[in-house]
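Quick notes on the structure that follows.
We just call them A, B and C in the order they show up, numbering each chain from 1.
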Amino acid sequence: MTFGYILSIATFASIYAILILGLNILTGYTKQVSLGHAAFFAIGAYTQALLITKAGLTFWSALPLTILLSMIIGVVMGLPSLRVSDDFLVLTTIGLNFIVMGITEYFDFFGGAMGIIGITMPTIGGKSIGTTGYFLITLSFLLLTICICYLFSKTWGRLAMEATGEDEDAAQSLGINTSIYKMYAFALSSTFTGLAGVLWAHSIGSVFPRNFSFEMSVLFLSMLVFGGLGTIRGAVFGAFVLYILPEFFRFIENYRMLVYGGMLAMIVILQPNGILGRGGLLDRCILRLVKKKAETQEIS
Amino acid sequence: MRRFLCIVMVLMFVLCGLLSVDAMAQETVKIGFITPLTGFAAADGYSSLESAKLAVDYVNEHGGINGKKLELISYDDGCQPDQASALTRKLIENDKVAVVISGSYSSPSRAAAVICQQAKVPFTSTYAVHPSIVEAGEYCHRIGMAAPIQGRVGGYFAARELGAKRIALLIMNNDFGVSLAEAFKETALKLGAEIVYEKKYPLGETEFRSYLNAIKAADPDLLYAPGYYNEAANIVSQAREVGLRCWLMGDEGYDSPKFIELAKTAANGVFITTDLNRDSDRPMTRYFLEKYKERTNIDADMVGASGFDAVMLVSHILNKVGTKADDIIRYWDTIENFEDCATGPIITFQERSAIRPMDIQIVLNNQFRYFYRYYEPEIIYLNPPSGGK
Amino acid sequence: MLQVLLDAIVLGCSYALMAVGLNMVYGLLRIIHVAHAALYTLGAYVGLYCLLNLSQSLWISLFVGALFSAIVGVLMYRIIYSPALTAPRYVPLIAGAGVFIASQELFRLLAGPYPYSFDAHFQFLSIMTPNLRVTETQMLMITFMVVAFLCLFILINKTNLGLMWRACTQDMELAASSGININLIIAINFMIGSALAGSAGILMALYRNSVFPTMGAMVSYKAFVVIVLGGFGSIPGAAIAGIILAIAESFLGMVPIFNLPREAIAFLVMILVLMFKPKGLFGR
């Protein structure tokens, strides 16, 4: 009965989880705070929309191209990070968000203000898939992304990125080419974000410039920080909780964004590492639970 | 262990929240309504929702739907398409509404329309103009005016009635402004006018003096500036300030008492194309205008009127044919001369968009006044009927 | 042309007033104060309330609005920012964003979603010639900005308080160890910045004749651009950059081929400047 609704919420939450995992690589590992991630999101969604409606490709044939293009454009958009850092970079990313939105809104090639309509649902073997099918596709992409992120977090690359994030000069003195790793982070991040954009575009069926506004970027960064910067579990958790939370506040419809904003501020201040980040509230709870379990098992 | 229990309880609570199903749902006929109550579009959402509630009260006072009460279930989409699409699913599956009405902007309306088309539930948008909304399929209708018609009416009035030869365009860059401007331009050019200036500005812009100075230099007879009242109030008052002396013309987005309040005396003399005639003596229009003022303490606007009309029309259909989707749709396309609405009578539906006589109103003495009405089929029909010429 | 320039300068004044408050906070605490825009809206609403309910005078509503914003600004620092100062840099950023979202909703709930008219009557200078027009409101804005900046300049460069403030911006710990009450300085800093934001809100409400819940959003993005162009932490830089940005926007907006919205132009200019001068135009 409420199946479709829950599925649809879960689909969007999964899409955002993929995006936040991408943001996590950039902001969590290399500490390059991006307040313009909606721009990268828009690039994925728009590229896919254009490939489908103008070039007539299908979901599956357009997907690899879109991801490749997202990655390339992401690296290009990341180039300013070689010149500026810290707060200047934050503002540069905000700027990128507005510029991308302005371009999509003002150039007819990108549909302009009328947006791009008619991004059909993907098909498998000529058969159209329903909501459930699309959820499964999204979920499998999410699992794939988690796997890749997990594997990546075990590599030397992640260590180098974290070192770059902690102290760029020190990292350089250790022989890490920080420029390469910054770009590497932008590339990975925009790849995942582009993937999320593709999935989002298909599930809505249309894209409009205003769907990728600065408010979305704020939401994305909030999701990541809420869950726990620099951790995979935190990224996924943050995306799910912050996307689903306003839905629970539906019974106080009129006040829900007020509560949401206030809670966001409180939680970030009280739990700066995120609820599920290292040393976060839930993280400690779970650790304690696990420990207790281990103890009881030992006793028995 | 206790902590584990706590977590389980929280999860249970959460699930209950999600699955909350009304047990006594069968006594009423439900219609769903999605509208932005939070975010930048909150003002339009509020007008729309209050008017819809007003219409529901009216229907229930007059016998309801075949003896059953009409119930409006509304959700806030925050003007986000992903929320609109999830909420539409919720309305259809959880609340089991007979019809979904969108009192939201084009992007969320389009997302909702697609879901309704898939689920084969009748859908109607109120004031969203994007052509793709009704193109989603045969289950999707539009109560408001289609942009091509309104732009065309504006073009006829400017070029034929006012005789403007040199026209400047200042267009709000969203689907509303752009689609109106396209139709206006086509008509005006056909009628022999010339476009001397054209500029797009983004939603939320407040400073127009640099554009208006350029427009003044271009010396037009008329400035057509499709947009919403917030921006329009700034355009109009700044146009008077820079000393632009030409006709000013707007659209139904201006049609709100707030426009006059914000633009003050500068609003006087501005023409708008709309379908809400405040000088009308039709009982439904008077009822809407008076009750809305009583309910909310502010004067009604066009957005509200189309929300009201949507509920009135839907309840009329439900009364006639019951709640089966296919019957509703079949009947919907045959409706003719529907009078129980706040805007001009709906003559018919063409390409699933409402067709009605179009009004030109002028602001005089800080009030919208009736000025001119178009009945000609080649102007007010989406595709003029054959032989109508 | 002169007219366009003049209108742009007036617009620039509003940018500058916003940016200065933002930059003062940045200079002292190194946080990007997103919730600054909430104070702008707050000032406008309080001013409006005053005008409708307490007195017809613009001056009183301007004073009350600025005062109210100043108090709330200090409270905001005590409640939101001061616990987050030791945390990583993004924490105050997000906390500020949360407060900003909540504040917009609060204004909407308290005052309704519709825009209000800010209908104040006042007497002031104006210039009205066929070629050049400066309305009373425009004149008021320019005057206010000049007076505010002169006061601020004197306060910072000629008084003991200013000396202490400058010491704090150089090195907070060193300043504290030499006996400066840094909490007081930060509080005063927030007070002045917030009062400027609040009065900017009222002046813009008067200029645009509208007050609505989301009026702060656009201005806050603009203020970010201004502080980057002017150099983080530099007050005269912010003032000059605000006006330069408004002029650039107005004139670039008139060029037909440059078909981008104002915000995109502003940020494009900002990124280009950053590429060549990563510390801003007037940054140290």
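By definition in this document, a residue touches a chain if its C-beta (ideal position, glycine included) is under 8 Å from a C-beta of that chain, and two chains touch if they have at least 3 such contacts.
Small disclaimer: the values here were computed from a predicted structure and weren't measured.
Because contacts link each chain to all the remaining chains, their graph is best described as complete.
The chain pair B-C and the chain pair A-B differ in C-beta contact count, and the higher one is A-B.
Look at where the CA atoms of chain A average out and do the same for chain C: the two points lie 32 Å apart. Between the CA-based centres of chain A and chain B the separation comes to 34 Å, rounded to the whole angstrom.
Residues of chain A in contact with two or more other chains: 102, 105-106, 254, 257. For chain B, the set of residues touching two or more other chains reads 37-39, 173, 200, 202.
For chain C, residues touching at least two other chains, in rising order: 105, 259, 261, 263. On chain A, the positions that touch chain C within their shared complex are 27, 33, 35, 80, 83-84, 86-88, 90-92, 94-96, 98-99, 101-103, 105-106, 214, 218, 221-222, 225, 229, 254-255, 257-258, 260-266, 268-269, 272. Every residue of chain B that touches chain C in the complex is listed here, in rising order: 37-40, 42-43, 45-46, 173, 200-202, 204-207, 209-211, 213-214, 230, 233-234, 237, 241-243, 258, 261-264, 298. Chain C meets chain A in the complex at residues 26, 30, 32, 80, 83-84, 87-91, 93-106, 109, 221, 224-225, 228, 232, 259-261, 263-268, 270-271, 274-275, 278. Chain B makes touch with chain A in their complex at residues 3-4, 14, 17-19, 21, 37-39, 75-76, 78, 80-82, 85-87, 89-90, 92-94, 106-107, 110-111, 114, 119, 130, 132, 135, 173-175, 177-179, 200, 202-203. The touching residues of chain A, counted against chain B in their complex, run 1-9, 12, 102, 105-106, 112-115, 117-118, 131, 200, 203-206, 208, 210-211, 215, 247-248, 250-251, 253-254, 256-257, 285, 289.
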